[in-house]
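Let me begin by presenting the structure, written as structure tokens, before commenting on it.
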């Protein structure tokens, strides 16, 4: 187990944080738009968990980067433009309908659960601590989304169609999650990261179970989009950021 | 005819410029979304005219304000937050469907035509020059929107309903146009502005003709919303600005 | 009517009315209206704050605002549940909200235009709400009183958070201070209106007071609110937009100007700056959620049928 | 077939074919496909630029970009008209686009991620398009050739505007230069792909060349494009992302790397980063515009009927 370079370690933390932040932000866009009141509470809850996870990771990343980089957690969130964001493409997609939102959540949480679980054994004790809490939260997110997919898949004809459409439309964003590039490999080998190729089989098992129970088709192999972890995003992210960052950009350096 | 104070003159130009800019910007949001290809061209044309009018006015406003204010036209557009924008509320509304967009355009152009016409006699020769060209453009916008309202009003049941809904929904934003507050009064009395109360009857006549021809009901008197000219906007404007101003805010002081 | 007399005596003695107890029709109806309206206000009240959640300026502010808006949805739930104990369904109340038949607090028909409005809403709007709600913890209807206990605990927390935003803005840069003052200017009178018109003009007031579903007069609460808020504004270095506001030693409270009651009745009629949009937004959410609710019911039916078949 | 022979002789002699002239079925079909695809490209090509119009950084840039995207809609119109002279309707072509049956240029399936992409699209994408289009001004089919004359005039203007954006960015701050380089990196190979695969692998090529509806080989045009563009990149101070790019004195042109043709065929199959979204956007516009088009027709019918009745 080699020593992980500081900038690789920072980059690895940023990827995790960005993915959770952006998905949490997407959840917050649901405010006032949920199909039932109970879901308003649940979606906000998920959003809060994800933003909380992101915040802990950003703060740790700031500590890791040390004096070379004097940005704080809010600077990382509000002052980076799209190409510097390293989140997975899956989570930056616009919310779409409730089916798209729930399928996106299920795809991500089915990935996040084993990732956090593995990270509880990170050599970085701070990350291990964050992962312990986050794993429990992700398990709840996964269960919640899966229950909805079951209801929608095995509900009415319309809901079945909508959730199947969502599964098919989002499928091409899932391949990227398991991609072991240099940063992920280095982080894994140094005991900071996760072997994502190993996570894939668990993810496929979970997803297959959920879809089968919901009478939905498991998509065939198809072409997979990637780029998020290296800052090559979809056109969606820029618009999310222009909204999210407005105040910090318009009134730089102020206290809120 | 008294001398108009510099800051009132600036404010008066800004109101006109902001209204045209924001409506032009809304038009530009239609790119790639028009119901027919010919309309893609027409909406862009209207947008270009309006943005052109705004640009001429901003540049003149900058010249008027002189050395006290070193902002250029782009600074005025890209670096003011919502409360500093002085456009009419009517034009900041989200586009809605094609009926809403066309009714909004007709309401505004039916107002703009007599305003520009009167401004061709402004003591400010620069404004008079801008007004001469803008009047012709506005006449075309008015005709274009009116023809569509005729087609939609006297088209199908659905189109009739949609355009009537648009008329009713936008009506409460029209009263503000004719409001003679201190700035408008001072500008008018100094020969720089327009007697907006006098414009009202011409506007009502135009609108009544268009609606009648289109078999649409002319709305009853109702409560009117106002505030745009004094910077009290709807919630729509802030979102428009966060999109429009992103680059100038994120990369301040750069040349494009 | 001896039944009615007994009912009133029980209330006078400080007793609680519970769902299965006999109650006069008027009591039931007034309560449904009042609790329903309160519940709707929590739900519609999410919208003006929702408008700034995606633009919250720091991670911490974002989390706090999200949690607050979540609490409001929770309050809506408690209150709908309390109303349901009176024999009306949440769906029915929702439909009455969406059709405009039932009202919600007019304050939410004003737009939120800058980040300082998140401060003003917390400080003033939640502040006024608490003033109304604290006494309702002692209201005669048990489920309502108990819902109020839970709600008040959270509201006072929200009010402090709002004050904190306001403080950061008021003590911030000149731009921030300007935004804070502007927010106060816009929200001051609408907040005063939240207590309703002067009791002289208020319908139903006397009966509601007797039934203890209204605990204080509107003017009394408004006075209390001004007395509490004016020094807070001072502390913030902000100016309440009322030239007549001044301490009256004799009455031991502030003198202040009445809000514009024409505007109040106008907004009540649906002529608020955002009245149309708020109802449109709620209707859109309801309409777009229809297929989800249908799926939920269809799935529950299937499960029930499968369970029955298995037995 | 003597008719076919006469047709070919006319083309060989530099004559133009006009809509009412006899033409072989294959000629007609190939032209419909080619012109239709070109028209669709103009329409879909609005979308990646439309993504930045509302965020253009200055009033001047905003106006220029709007005018450009308007030109593209205009080009679409010319081309649909040209195709319609061959006996196909614009509606039918549109439906074939929306169902995915007809293609458009794959380049528009790449996202525009920063403002520099507006430069890269103008400089490289319009540059490559012109390279394809200039010779088509001499194509054998009259209406197509004439449409091309109008289009080429405007395209070269667009290309200059794109180069100008690129220049501002490349000579700007380090951040801007980074964006410019990144845009070049992302658009270089997709631009090379715009000329199509190497002629060896290209279907239809020989027949199309004989019919003069294709005037040059793909490789020939690609080479010309590289030869023109490489010095421009130098001038901008940007680096073309190709280690093998270097001047070859002997052939009097640059040597360069082939693009990844697997990616090309993948994108052609609908697996581009934005393939799904572009078609979704076009379908949404079409569906949401349905009631407008219906109203237009209904109103025209009414007017016609009224006119007839009056006669």
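The letters A, B, C and D name the chains in turn, as written, and every chain counts its residues from 1.
As a convention for this text, contacts are C-beta pairs under 8 Å (C-beta built on N, C-alpha and C of every residue); 3 or more make two chains touch, one makes a residue touch a chain.
Chains and their UniProt names: A, B = Phenylacetate-CoA oxygenase subunit PaaC.
Treat the numbers as computed from the prediction; the structure is a model and nothing was measured.
Trainee: Would you say B-D or A-D is joined by more C-beta pairs in contact?
Mentor: Between A-D and B-D, the larger count of C-beta pairs in contact belongs to B-D.
Trainee: Measuring centre to centre with CA averages, how many angstrom lie between chain B and chain D?
Mentor: Centre-to-centre distance between chain B and chain D: 35 Å.
Trainee: Counting only Cα atoms for the centres, state how far chain A is from chain B in Å.
Mentor: 42
Trainee: Chain C to chain D: how many Å between their CA centres?
Mentor: Computed from C-alpha means, the inter-chain centre distance equals 57 Å.
Trainee: List, in ascending order, every residue of chain D touching at least 2 other chains.
Mentor: Only 55 qualify.
Trainee: So which stretches of chain B touch two or more other chains?
Mentor: In chain B, residues 81, 238, 242-243, 246 touch at least two other chains, as defined above.
Trainee: Examine which chains touch each other and state the graph shape they make (line, ring, star, complete, other).
Mentor: Topology of the interface graph: other, matching no listed pattern.
Trainee: Among all the chains shown, which pairs meet the touch rule set out at the top?
Mentor: A-B, A-C, A-D, B-C, B-D
Trainee: Under the definition above, what is the set of chain B residues touching chain C in their complex?
Mentor: Residues in contact with chain C: 81-83, 169, 172, 222-223, 225, 227, 232-235, 238, 242.
Trainee: What part of chain D is in contact with chain B in the complex they form?
Mentor: 43, 46-47, 49-50, 53-63, 66-67, 69-70, 73-74, 76-77, 80, 90, 115, 165, 168-169, 172-173, 175-176, 281-282, 284-285, 288-296, 298-299, 302
Trainee: Okay, in this complex, where on chain A does chain B touch?
Mentor: Interface residues on chain A, with respect to chain B: 81, 238-239, 241-243, 245-246, 249-250, 252.
Trainee: In the complex, go through chain D and note every residue touching chain A.
Mentor: 48, 51, 55, 111-114, 179, 182, 186, 266, 269, 271, 273-274, 276-277
Trainee: Within the complex, which stretch of chain B touches chain D?
Mentor: Checking each residue of chain B against chain D gives 25, 28-29, 31-38, 40-41, 44-45, 47-48, 51-52, 54-55, 58, 73-74, 77-78, 97-98, 150-152, 154-156, 158-159, 162, 243-244, 246-248, 251, 254-256.
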